[in-house]
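First the structure, which I've put down as structure tokens, then a few questions once you've had a look.
Letters are used for the chains, namely A, B, C and D, taken in the order the chains are written, and counting of residues starts over at 1 for each.
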């Protein structure tokens, strides 16, 4: 008989809705009991009804206080993550928390320490690790098929920048957007970052520069295992959401290309046409959100550490901090410099 | 306010389960009220409970007699299709019927005549028309982008033959397997078949030959608009479910290739590797089953003819009959010869 | 010490010039002594001077009478092929002859008989067998990598039709254009054709129909080893010279796609673009012309039968004849029916 | 009437032989009169005879002193380049010089100054600029099709390292191997490099480290036009010679992939196989060597500046020097720091 977990979700924004719908329709053997969101309006109520959410509340404590609930999925705003993780730890409930854990290294470390003592399990929502292409890439590296990894290259380009109001409070491109790529680089390299040199520019929209951020970034990472990483980011690739990974190793090279919108080629007297790649993360990564939750519950059932875990979440933020410092000082920065 | 149809499903075998799950989880604004299947056992009960089927019955009349139910989805065995379509027509319920409508031309014609008089809408389940790749291909032809179609090529190869017991009662390869391809060829050519030359062989498994069937088939079609069609089939492509379409026209050529399992290429000292293509129709066409039902309900709401309709279902069987005759006589056969 | 053959070329039209230039610049250890052409004008003289042709003559007998010349490359008009092959056989000179040997079955057979008695070697210029892609395809089949061949598919489409004046005297599409594909099908299938069903249409240019020919053709072949072949041809593919081969077998499938003009993909906000495929046979097959001659001389040096040989040339014409008959009678035709 | 240049070649090593053969067989309207090489042995004599070299000499002055010779192609060792360029300038002969011009900035500058005063034309042999794929890429950028370039990515990986003895005297990876990539990056970006951060490692062969060099390198370039460049190099990609270019811009992205050995895909029960990419530069770039010489002579005839010219050769060496300094100091280095 499969263990059936009872689950509560905190935060029903865009990503909270995705997780909720996956919990309701795509994840077997779990029971979603409560969804909590501080702002309950008619739209949210209608969505909850249509989806079949049993209970919608504005009070997350209903989740923490419910002894039946064993798992909390945290999708609220970043500044509330550590608070809710700590409360879950106190209540001995396992946690799946959206990325990033927090933007403050000390707060993350303190939270991870509480998690560790509590014995609960914590997974951080780097969903791209569960994309079928990047998993296949990772497997190829991890299995030794391409030998020792020497060069890890990540291309990660958004189709359009978020609103300026969002960018103002985003924590900067390295922490907001590249955070996924720091994690992907570590995941593929199978090693921690030791030093980073990051540069950036404002090439897309001067307004982004005016609020102190950049819209184009390139970073060069040195991993502890000797591999070198390269990440390039832009806030606007007009041709769609460009998400590729390449790992070069001593015995070969593995390349994960973009997903295609379809497999059709149209040959005409002028040229051959292929449709644009899918627009954005909802088109590209929808499946990976369900896969990561499935993996999480599987780990809980097997009583093994879910990955990426809190330590991963910490390392990713450390790299982001070091990248920011490197960009500001225009010099290579060791992770140890920001690991306070 | 969107019209919300109440629906009953007849037949909960493999394909009936797929449609039921789509109706429950992926199709908006419909209400699945009853699922009927003649053989109700514990497995089926458990599946129904897990999926959230409200009512499971062994009596399809509960569907026909329910005045709330406006739409019947017929997934029972082929020999029951026309009976259920006729009952639905009598009860003024719209019908989505799995392919083929029937294997007897006269029975199909009589049923279509009853459908027409009743005013109900009838869609036949050629789901491949809703595959994103073949839709794109069709659009390219239908829009005139590649000009007048001259040559339509369909590659359709199963990964493994069905059991001999199934083949014995299948009606023969042209009616059982190629039926999808007759429909696809007509869909892409945008024209009806006028004459066919079909050949076949037993190259995969001699047992298939012993029960009077073939396992490899190639057919050459002449369409009324002058285009020539080519279909090749095999019961066993060891590398996976090979499903491709190509239309060559006066202004270009459109080619729909297989879906990839992932986009990863692995370069090694020996060669470059790509993973096998997806195994079979559940992997390849799952999305198309939901898309076809969505299209069906959209047509009902707009009060327009859903496609492929009963006439399509008839034409596809006529082509299959002519193909069989051509193969047996080893000569080109006109569709009019079998259109009794 | 490598044997150095002395060579004469008869016919300096388009294909004769290609072979001459290859003999002069790309084939090692041969000595091109004489080029003969019945029409010598200033253009030809200038070309010969620039290329470094030592002797240009209007009399082919200078080649046959020269005891130093051991090899004759025949590139004159088709109606002169058998005459020159017979003269070469009489003079004990090896022959490389452009395709087709002749259009008359009896004349071909008589010539092959003379060749056989003379002991000379005869290769027929089906250069596509030496295209790197089709060789690779053939190797994959011949080595057993894809098991027993079941289906052989050849797509062969010209970018533009030849002038009507040419078509009038071409012998018909099946003998003029498809001749290459009959040979390719036999080469890939590794078996002779037993029966053929061919159809055709005038879809490109009504003028072609007026002179009694077709511009679109599809043929279905049955090979002695059980494999089924499919060939599709058109005189005009506006997107370029479309040349593909596919062999499906019991253990896999091998597909040779078109050569690309370059490897560049351009991603824009509208779509992804690839440049058109190369225009015509000079772009696609130039390398194969040199490779076939190299193979010919290598066979002479090793004293082994060069392939494709006279028997291949005969079989290809037999298939063409049967295809024409099948098209005219609209019925499958056995090769034995035309093998007089 | 086309101007026919008389040409002399200095240096008949590997690259000198390639240029000589191209001059003899592939470049029209030129007359190769003398090939000079300091080491004339029997092998070289035989090669010269077979190729049709009219005169082979050990004295390059025979070229400089010959008033008929208007063009000198310099393929001798790097340390002799500036001496021969200067002599050619004195003798008013145009120069095609292999890369790099020299490894000493001052010597390069002095030589370019002499070239300028003399009025002769100087082209430097960065043949990759003439690869059909990279040309197409460049055209796409230069024409504005992808808008302003933001990110230029170059992947350049050799299949196997050269002998240690060669590496010892190579001047270091950045000057020996990456020199092609500095040039390619500048060519694609359409701008000069302003600052560079380069890192490297010994991951392939410890012996390379022992002689003070690296075998893996990654560099991050900042161009004057704001674009950011990324280059990754390795001395050993076991899967073949990996040569790719990508330029991301405000209106799109252009990607030039590796040339394929053939277009064949083999689908089996295990996976899909593609043959390895071509092994090394002779396979990949042979055509580009002929194309660059054709371009050179075309520029001479049109009396326009051939590109890449001496200034390009200088800039590429400056970037190499800055890269080396950046690697040694582990900090970003401005080109102006090394431009003495």
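In this text, contacts are C-beta pairs under 8 Å (C-beta built on N, C-alpha and C of every residue); 3 or more make two chains touch, one makes a residue touch a chain.
Everything quoted here is computed from the prediction, not taken from an experiment.
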| item | value |
| --- | --- |
| Shared chain contacts [subunit B and subunit C, defined touch] | A, D |
| Selected interface, C-D versus A-C, where C-beta contact pairs are more numerous | C-D |
| Subunit A-subunit D separation of Cα centroids, rounded to whole Å | 42 |
| Geometric centre distance via CA averages, subunit C-subunit A, whole Å | 58 |
| For subunit C paired with subunit D, centre-to-centre distance based on mean C-alpha positions, whole Å | 40 |
| Subunit B residues counted as touching two or more neighbouring chains | 237-239, 242, 251-253, 265, 267-269, 275 |
| Of all residues in subunit D, those that touch subunit B in their complex | 237-240, 242, 265, 267-277 |
| Complex contacts: residues of subunit D adjacent to subunit C | 25, 28, 50, 132-133, 136-137, 140, 145-146, 251-269, 275 |
| Residues of subunit B touching subunit C in the complex | 148, 150-151, 153, 157, 197, 199, 201, 203-204, 216, 218, 220, 222, 226, 228, 230, 232, 234, 236-239, 242, 248, 250-253, 330-332 |
